[in-house]
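As written, the chains take the letters A, B, C and D, and residue 1 is the first residue of each chain.
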Amino acid sequence: MQQQSPRPRRREEHELEFSRIVAFSDGVFAIAITLLVLQINVPSHISSDSDLAHQITHQHGDLIAYAVSFAVIGRFWVSHHGNFAMLRAIDPRLVVVNLVYLAFVCLIPYPTDLLGGFNDSSVSVALYALVVGIASLLALMMVRYTRRKGLLVPAAAAQAAANERAMIVPPIVFLGSIPFAFVIPSWTPFLWLLLAVDGRLRS
Amino acid sequence: MQQQSPRPRRREEHELEFSRIVAFSDGVFAIAITLLVLQINVPSHISSDSDLAHQITHQHGDLIAYAVSFAVIGRFWVSHHGNFAMLRAIDPRLVVVNLVYLAFVCLIPYPTDLLGGFNDSSVSVALYALVVGIASLLALMMVRYTRRKGLLVPAAAAQAAANERAMIVPPIVFLGSIPFAFVIPSWTPFLWLLLAVDGRLRS
Amino acid sequence: MQQQSPRPRRREEHELEFSRIVAFSDGVFAIAITLLVLQINVPSHISSDSDLAHQITHQHGDLIAYAVSFAVIGRFWVSHHGNFAMLRAIDPRLVVVNLVYLAFVCLIPYPTDLLGGFNDSSVSVALYALVVGIASLLALMMVRYTRRKGLLVPAAAAQAAANERAMIVPPIVFLGSIPFAFVIPSWTPFLWLLLAVDGRLRS
Amino acid sequence: MQQQSPRPRRREEHELEFSRIVAFSDGVFAIAITLLVLQINVPSHISSDSDLAHQITHQHGDLIAYAVSFAVIGRFWVSHHGNFAMLRAIDPRLVVVNLVYLAFVCLIPYPTDLLGGFNDSSVSVALYALVVGIASLLALMMVRYTRRKGLLVPAAAAQAAANERAMIVPPIVFLGSIPFAFVIPSWTPFLWLLLAVDGRLRS
């Protein structure tokens, strides 16, 4: 796992601002990940116990979509946390890029709901891959920006370059899976598991 | 961008209180911004894949409203964070005004939902402009209050005065757009883009 | 306002625990207050612009209930924050009482929804008064407990005694208004305004 | 209660990471516990005041489920907070296990909703016991992992071993109650009260 923190470091000023941005981002991640549960449909009327079992089984798509999105947002959070740990300073533009990134993270419950309800539909699979793909692309851009602008602690340069290389994979996998969604929608989510394989090879 | 923090400063006592108020406000911003996604309607029944695509396209208003409100709440948060970074002390009245301000920020998901569903309706456009306009007016009043009461760190006086001048624009744009909502409802949201132009001219 | 903090103080150990309990409570307050907006109903179908205006006006009960509950939870938070600022230590029993108290605070969106929908119903007015009354009673019991167990900083003793006296009023007003809910339901919420008068007399 | 913190300790580096993980976990607990209120159904149409009273009484299952899950998540949080207070360091694997654990905590509102709606159904009682049982099993595994990997502060060893022994009970009670759910569904939740008895015997 590449999110190890560098040696202790200082952020002499803007301490409050830094911690508020981190706290706000953490809050947004925590809320987005927790709202996922609201997408799981609960039957409103049942005729018998076996009917309830049948309806719940019928909605297994909701539970799979919950698990996938929990893993996705969880991984985004771990990665964000690793990257922000290497920062020496924050500039106003980074605040804005971070907000745009968070806007896509917060949007994830929406395609999750579609994916849970219509998991064999090309449109919902493609939309899911698009939203997650854009979010991972923005995460990559954010890391690249902080490195180029010299916002990182010097000791973290090598780590940051390695993170950046690793972060090229998720946008390629998600955005690259979109064409497959229109041919083999039900199988496309399995392509996303390439990321788990990639993570295992690196660690 | 005007939300730069002044030099390092002290808040000798009430440290815990200060950080709790900031943390509470950040929490409210983070939750309000994340709840926006719940306003996006998800189709419950589809007949085919192209029907899903059609229904999603039909609900593009929800996505636009999501983007607008994410930008609005995000900007409120950045501004709040810049203004609170200049505070030397907090008094009980500021706590109350901050709560009233947050009540309007938290309300934003409601007119967002209306705007997303009925984006060519004068009533929903006007109500959106009213809620956001009042929130931005309260933000301005809060900054003015902290300056007049001497709650700011001395070094931040010039910055605070500049912030205050900049913060006059959003209430004028939003509240001033209300009459337009009754004549050209679909075009009124474009008037709000004046704020983006204003931000660019200042930075 | 009685929630002034005493002089700076120390909580030598359990610092992490203390701050986690405060952060958790703040999180719960922030989320409960923000969820209130979800109780405001949004029309799903409208025939015209004036129909939308009519439907929104028809739901003014939801907006009033939102405002009342925002004020109630906001005041609970201010009070909680003032009382926890006086603590020297936390014991396991206080953690449990605090959780029970938070369970009632978190429940408030439920009677708020009932009150918003059926504001002239004895049952919804009485239930609202009951939930808020129990929460305010638990807050009082919590302050009393911390004083008796010697969990307060010594310098805060006088302040705590004053807080305790002030905190007797809300449970009396809310629980005492329940019989009125069955005679004059629509007017009962106005009784709650006695608290605003009480607050003004004390400050 | 076993969640007392050991003597003051240091986590020389990774301080930011540590506090972010704790803050994120706290956020998730706070949100999951607050979302429970959304599962309580609010009547949409009533014919009279006694009809409202009747409908609310009819939904007492929702209120009981709310109370049970508030107690469950609250206890999970107290336990998590006690266990993390004993940590000297965090490793990447613990971050992942913690996320999987949180995924089950966040899921609790879903079986809570089922339990509230269908409290005499074997399926909903069994599903509730399964989700809570797995979450408590993961909590136990997490504590065991931190002890074996030497991630605890040395002074906390005895306390951690005691916690671990105590944490064997909840998974046994919840998972062990699943067969009962298929024989005496309505009575199974009373088996869970064994945990309260167990807690009382230990304190």
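Following the convention adopted for this analysis, contacts are C-beta pairs under 8 Å (C-beta built on N, C-alpha and C of every residue); 3 or more make two chains touch, one makes a residue touch a chain.
Values in this document were obtained by computation on a predicted structure and should not be read as measured data.
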{"item": "Any chain that touches chain D and chain C", "value": "none"}
{"item": "Homomeric contact chain A-chain D: same or different residue positions, threshold half", "value": "different"}
{"item": "Interchain centroid distance [CA atoms averaged], chain A/chain C, Å", "value": "35"}
{"item": "CA centroid of chain B to CA centroid of chain C, Å", "value": "25"}
{"item": "Residues of chain C whose C-beta touches two or more other chains", "value": "23, 27, 31, 35, 38"}
{"item": "Touching residues on chain A, where the partner in the complex is chain B", "value": "12-17, 20-21, 23-24, 27-28, 31-32, 35, 38, 92, 95-96, 99, 102-103, 106-107, 109-110, 113-114, 117-118, 121-124, 127"}
{"item": "Sites on chain D touched by chain C in the complex", "value": "1, 3-5, 7-8, 22-23, 26-27, 29-31, 33-38, 40, 42-44, 46, 49, 52-53, 56, 66-67, 70, 74, 77-78, 81, 85, 203"}
